[in-house]
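Next come two complexes built around subunit A: one with subunit B, the other with subunit C.
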Partner chain A sequence: MAAFGLLTYIAASCWLAFIFPQSVLAFLLVEASFLLLCYVPAPPKVKLFLGALVLLVLLPSLGAINGYYLEIAIQIGIYVALALGLNIVVGFVGLLNLGFVAFFAIGAYLWAIFGSPQANEFIAGGFFPLSPNWFFPFLLLSIAVGALTGALLGLPVLRLRGDYLAIVTLGFAEVVRAVFNNLDKPINFTNGPKGISPITKPPLFFKPWLEFFGWEFSDATLYPMYFYFLVLLVVFMIIIVTRRLEDSRIGRAWKAIREDEMAAAAMGVPVVRMKLLGFAVGASFASAVGVLFAAKQVFINPESFTFMESIGVLAMVILGGMGSIPGAILGAAGVTILNLQLLKGLSLWLNGLRQSGTILTLPLLGSYPLSELPVQFEPAKYERMIFGLILILMMIFRPQGILPPRRDQKR
Partner chain B sequence: MALLELRDISKRFGGLQALARVSLEVEDGVIASLIGPNGAGKTTLFNTLTGLYQPDDGQIRFQDRSLMGMKPDKITSAGISRTFQNIRLFSHMTVLDNVLVGMHSRVHTGLPEILLRTREFHKREKEALHRAMELIELTGLTGREGEWAHQLSYGEQRRLELARALAAAPKLLLLDEPTAGMNFTEAQSLVALLRELMGRYVQAILLIEHNMRVVMGVSHRVHVLDYGEKIAEGDPDEIRRDPRVIEAYLGSGAWAKHAQS
Partner chain C sequence: MELALEILPQVLLDGLVLGFMYALIALGYTMVYGVLEFINFAHSEIFVLGAFVGVEVLLWLQDAGHLAVLHPGFVLLLVIVAGMAISGLAAMALERVAYRPLRGSPRLVALISAIGASFFLQDGLRLFESLWRNTFYLNYPTLDVLDQTLPLASNLVVPVKSLLVIATALLSLAGLHFFVNRTRVGAAIRAVAQDPETASLMGIPVNRVIALTFFVGGAMGGLAGVLFGLHYSLVNPYSGFAPGIKAFTAAVLGGIGNIPGAMLGGMVLGLLEAFAGSYLSILTDGAFGAEYKDVFAFVVLIAILIFRPKGLLGETVREGRA
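And now, the complex of A and B:
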C-alpha cells in the first residue's frame, strides 16, 4: 500500500517537473521523494527499486530536458561524497577535522595539473595535457594519494585531542591552500591564484556504442549526463565501502575510540593505527571526488577550497546526524538543495516582489512598498542569514541531527 | 612459575610516589586480591600493568615475557584484560558491539577481507558473534544485546564490562572494584560468577576490592598496598590478623585495642 503511494507520488512529481521544466518547486518535489523513501515504511526491496528508478531513469530524463537539474544533482553527489568521508573522521572516529577540504583540493589539483597543459611548465617534453584515457587511472591514483596525505597529516597530529586537533587540521587546510596559491614561482606548479584551465574531461569511451545504435549526441549534451552517472557511481562505491567498514571490527574500533579512547586501548584496539586508517579512508574519498570535481569544472583555483567549504561539509554531517550514513547523505543533499535552490529561489521571489512594486501590508504596523527597500536589505543578503538561523534552530531542537545513527537491530 | 610477575615497580606523578618498589606475583589458577586504603596506588598499579602508564622503574613479566614498553593493545593481545573502577563502557554502542570491540585482538580480519566480504570474513564474524552471545548469556544480559550500553542499569553495566573484558579471551583478568555499588545478593552472585570463570574462561584473576566479605570469601591470596608500598601479602586469614594491615586501615591505635579485646 505504502509502496503504491510512493510510486504515485514519484510519478506525479516527475510529471509536474516534465510539464514545468523551469519550476524549482516541481524539482524540489522530485527531490523530496528521497525523503519519503527514507521515512515511509515499505519493504526495503521496494524502496531500493523506487530509489534506483528515480536515480537511474527519471532524474536523467528530467536532466535531458533541463540541464540545470543534472548540475544540481552532480553538486549534491559531490557533497554527499565529501560528507561521507568527513563522517568517517568526525562521526565514527570522533576526531574534529576543520580542514577536510584540503584533501578535496589535493585530489582536484592532482588531475588539474596533469590533465591540463600546466604540467608542461615543470616537465619537459610536451606530454601534457594527458589524454582523457588517463582520467580513470588518476581517479585510482587519487585514492592512494588522498590516503597517503591523510595518514601523513595524521601521524604528527593524532596525539592531539579535541580542540587542539581541530585547530591543527584547520591550519593544515590553510597551508594546503596557501601552497596551491603560491606555488607558481620559482617553478610554476599550480599557476597560483589564476588557477588551472582547461582541465581534460573523462573519456567518452561509450560514444562509439551509442553511434552504433544510431544515437547521435553532441559532447555538450553527453558530458553532464556522463558526469552525473560518474558521480553516482563514485558515491555508490563510497557508500558500499563505508557500510562494509562500519559493519566490521574496524568500524567498531572507530566508534569505541570515539566513545572512550582509553577503554578502547585497554580492550585491545590499536588506537593510533585505527585513527590513521580513519583519516586515510576519509581523505581518500575526498581526494577521489576532487578529481571528478576538477574534470567537471574544467577550471579550478584555490578559491574553490576555502575554510568555508570545510565548515559547510561539517555542517552537513552534523545536521544529518553524526555517525550515520543516511544522515550524512541527507545532510549533504539537504544543505546543497537549500543553498543552491531554496534560498536562491527565495531571494529571486523576493526580488520579483520588489521589482513588481508589491506593497507589504502588516496589521498594526502599516504598509510598506517593497520597492523602497534599501539596497542593504536586498533579499540575496538574507540567504546566509537564513542558513545560519536554520543551523541554530536545528542545534537547539534536534542536536542529534535529522537521521541520527540507529541501534542495529538486525541481529 | 608465576603467570604474572612484578618486580620493584615504581611510578611517580610529580611529587607523589604512587607506587614504590612494588613486587607481586599472580600464580596460575589463583584468585588474588589487591586491597588498601583509598589512594594506596591500586588503580595506578592496574594502569601500569595494562600499559596505560609506563612504570619509572621495575620489571613486568607475563608468562615469562616482558611487558615493558608495550602498548595497551599489545598487552591485551598478550592475554591481560581489565574492567574499570568507574564504568567505562562505549555508551553509544550496543551491548553486543561493546562485547565485539573486546574481541578486536582476537578477530583477525584485514582491510581487503572486510571490503570484499570474503567467505573468511563472514566465517570469523559469525564466530565472533557466537562467542559474544555466549558471554552475554554468561553475564545474564541475554535479551539486552540490542540496547545501547548507557540504557542498562548500573548492575547490568558492571556485568557488561565483565563480558567485554572476557571477550578479549584473557589469561589474566583484572577487575577494578567489581562489586562497587552492589548490594549483598548482587555481590554474592558476582563472586559465584568469578569462581565459575576460573579455569573455563580465565587462568587467574586479580581484583581490587573494598568489600572485605568478598575479598576474604573469594581470594586465595591477598596483597595489601598502602601509600604506594606493599605492606603485606598472604592468605585471607593471615591478612586479617596482620598488624600492619589493621594499622593501615584503622590507624595506629587500632591494633592495641584489637589485641586487648
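And now, the complex of A and C:
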C-alpha cells in the first residue's frame, strides 16, 4: 500500500516537473521523494527499486529537458561524497577536521595540472594536456595521493588534543590554498590566482557504442549526463566502502576511539595508526571527488577551496548527524538544495518584487514601496549566515543530528 | 645587505604595531581559554565588530559636523570607549546565547558552536551594514592628527597612528595586568581559571565571573578593532579572520591561558611576520615574497604545537578528553 502511494507520489512529482520544466518547486517535490523513501515504511526491495528508478531513469530524463536539474544533481553528488568523507573523520573517529577542503583541492589540482597544458610549464616536451584516457588512472592515483597527504598531515598532528587539532587542520588548508595561490613563481606550477583551464574531460569511451545503435548525440548534451552517472557511480562506491568499513574491525576501532580514547588504547586498539587510517580514508574520498570536480568545471582556481567550503561540508555532516551515513547524504543534499535552489529562488523572487513596484501595505505599519527594498538584501549571498545558524542551532538543540546513527538511538 | 639594514628600523616599527594588535586580540582568546578551556572561535568577529563600531561613531560625528570641531583626543577617546563597550557586551551576549547552554558538553560541541557563531556574525554584520549604508566595505574618516608623521631619522618615519596604537595598547595591557593581579574581581577570575568547582564553593559566582571574562576579553578585542581601523582605514565584515587566527597563534605561542604569554606571543609573532614580509623576498632573491606572510603564522602555529605545545610561558596543557 505504502509502496503504491510512493509510486504515485513519484509519478506525480515527475509529471509536474515535466510540465513545468522551469519550476524550482516541481523539482523540489521530485527531490523530496527521496526523503519519503527514507521515512515511509515499505519493503526494502521496493524502496531500492523506486530509488533506482528515480536516480537512474527519471532524474536523467528530467535533466535531458532542463540541464539545470542535472547540474544541481551533480553538485549534490559531489557534496554527498565530500560529506561522506568528512563523516569518517568527524563522525567515526571523532576528530574535528576544519581543513577538509584541502584534500579536495589537492585532487582537483592533480588532474588540473596534468590534464591541461599547465604541466608544460615545468616539464619539457609538450606532453600535456594528457589524453582523456588518463582520467581514470588519475582518479585512482588521486585516491593514493589523497591518502598519502592525509597521513602526512596526520602524522605530526594527531597527538594533539581535539580542539588544537581542529585549528591545525584549518591552518593546513589555508597553507595549501596559499601555496596554490602563489606557486606561479619562481616556477609556474599552478598558475596562481588566475587558475587553470581548459582541463581535459573524461573520455567518451561509450560513444562508438551509441553510434553503433544509431544514437547521435553532440558532446555538449552527452557530457552533463556522463558526469551525472560518473558522480553517481563514485558516490555509490563511497557508500559501499563506508558501509563495509563501518562494521568492520577498523570501523569499530574508530568508534571506540571516538567514545573513549584511553579505554580504546587499553583494549589494544592501535590509536594513532587507526586515527591516521581514518584521516587517510576521508582524505582519499575528497581527493578523488576533486578530480571529478576539476574535470567537470574545466576551470579551477584557489577561490573554490576556501575555509567556507570546509565549514559548509561540516555543516552538512552535523545537520545530518555525525557518524551516520544516511545522515551525511541527507545533510549534503539538504544544504546544497538550500544553497543552490531555495536561496537563489528567494533572491530571484525578491528581485521580481523589487522590479514590479508593488507597494506593500501592512496594517499599523503603514505602506512600504517594495522597489525601495535594498539591492544588497539578497538571501543567496548569505550562505555563511545559514551555515552558522545550522551549526549553532544543531549544537544547542539536537547535537546528534537529524538522522542519528542507529546505535545512538538505542541508548 | 645595505638594503636590509636600511629598512630595519621601519620593519621593527611595523612589527611592533602588528605585535601590539595581536597581543590585544590574543588576550581575548587566552582569557576565555583560561576559564573555560575552550577556543572562542568567534572572537575574531568581536574584534571586527569593534572596528565597525569605531567607523560608525566616526561617520556619525562626521555627518553631524562635530568631527572638525571636537578635540581629536576627545574623539579618539569616545571611539575607543564605544568600541570596547559594545564589543565587550557582544562577547557577553554571545557567551549567554551560544556557549552557556553547551557548558559541560564535549569540547568539540562548543567549538563547533563557536565556529557557527563566527560565520553567523560575519554575515550578520554584512547584512546590517548593507541595509544601513548600502555597502559593507567602510572607510574610516581621516583625522588630521593621525595622518601626521614624525621623521625620527632618515630611514625611520614614525606615523602618529603607530604611536597611538603602541601607547593605547601599552596602557590597556598595563591596566589589564593590574585588574587581573591586584583587584578582588581579578582574583576571582584567576580562581575560576584554576578550579571552577572549588571557586564556586568559596562563594565566587562562577557564571558571572565567566561573563565578566568574556566582557573583558571582548573589550580588548574591540579596542584592537578600533585601533586596526584607525591604522589601516579599511574594514569589511570578513577582515577579522586572518588577524583572529594569527592572534590565536600568538596565544598558543605564549602558552594559552597565560596572560603575559599572550602579550609576549603577540609581540613575537608580529615581529616575525613583519620580518618575513620584508626579508623573505630579499633572502630568496624574489622567489618567495610577502605573499607568504599569512602562511607564516600557520607554519609557526603548527611548529609550536608539535615541538612545544605548552608555548613559551605556558604550563603543560592538561590531557583532557576532546
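Rule of thumb we're sticking to: the second predicted complex is superposed on the first by the 383 of 411 C-alpha atoms of A that agree within 3 Å, B and C clash if a C-alpha of one lies under 4 Å from a C-alpha of the other, contacts with A are read in each partner's own complex, and residues count from 1 in each chain.
Note that a contact is a pair of C-beta atoms (placed from the backbone, for glycine too) under 8 Å apart; a residue touches a chain by one contact, two chains touch by 3 or more.
Only a predicted model underlies this, so the values are computations on that prediction, with no experimental measurement involved.
Once the two complexes are overlaid on the shared chain, A:Thr8 sits clear of subunit B and of subunit C alike. In the superposition on chain A, A:Gln22 makes contact with neither subunit B nor subunit C. Once chain A of one complex is fitted onto chain A of the other, the partner contacts of A:Ala266 are limited to subunit B, with no touch recorded for subunit C.
Taking subunit A as the reference chain, the count of touched residues is higher for C when subunit B and subunit C are set side by side.
Annotation: subunit A residues 260 touch subunit B in one complex and subunit C in the other.
Contact residues on subunit C toward subunit A in their complex (touch as defined above): 38-39, 98, 101-102, 105, 107-113, 115-124, 126-127, 130-131, 134-136, 241, 245, 248, 252, 286-288, 291-292, 294-295, 297-299, 301-302, 305-306, 309, 317, 319-322. Within the complex formed with subunit B, the subunit A residues making contact are 241, 244-245, 248-250, 252-253, 255-256, 258-260, 262-271, 277, 323, 405, 407-409, 411. Residues 94, 96, 98, 156-157, 160-168, 170-172, 174-175, 178-179, 181-182, 185-186, 260-261, 307-308, 311, 314-315, 318, 374-377, 382-385, 387-392, 395-396, 399 of subunit A are the ones touching subunit C in the complex. By the touch criterion stated above, subunit B contacts subunit A in their complex at residues 50-52, 71-73, 76-77, 81-82, 84, 88-94, 96-97, 100-107, 109, 111, 114-115, 117, 121, 125, 128-129, 145-148, 164-165, 167-168.
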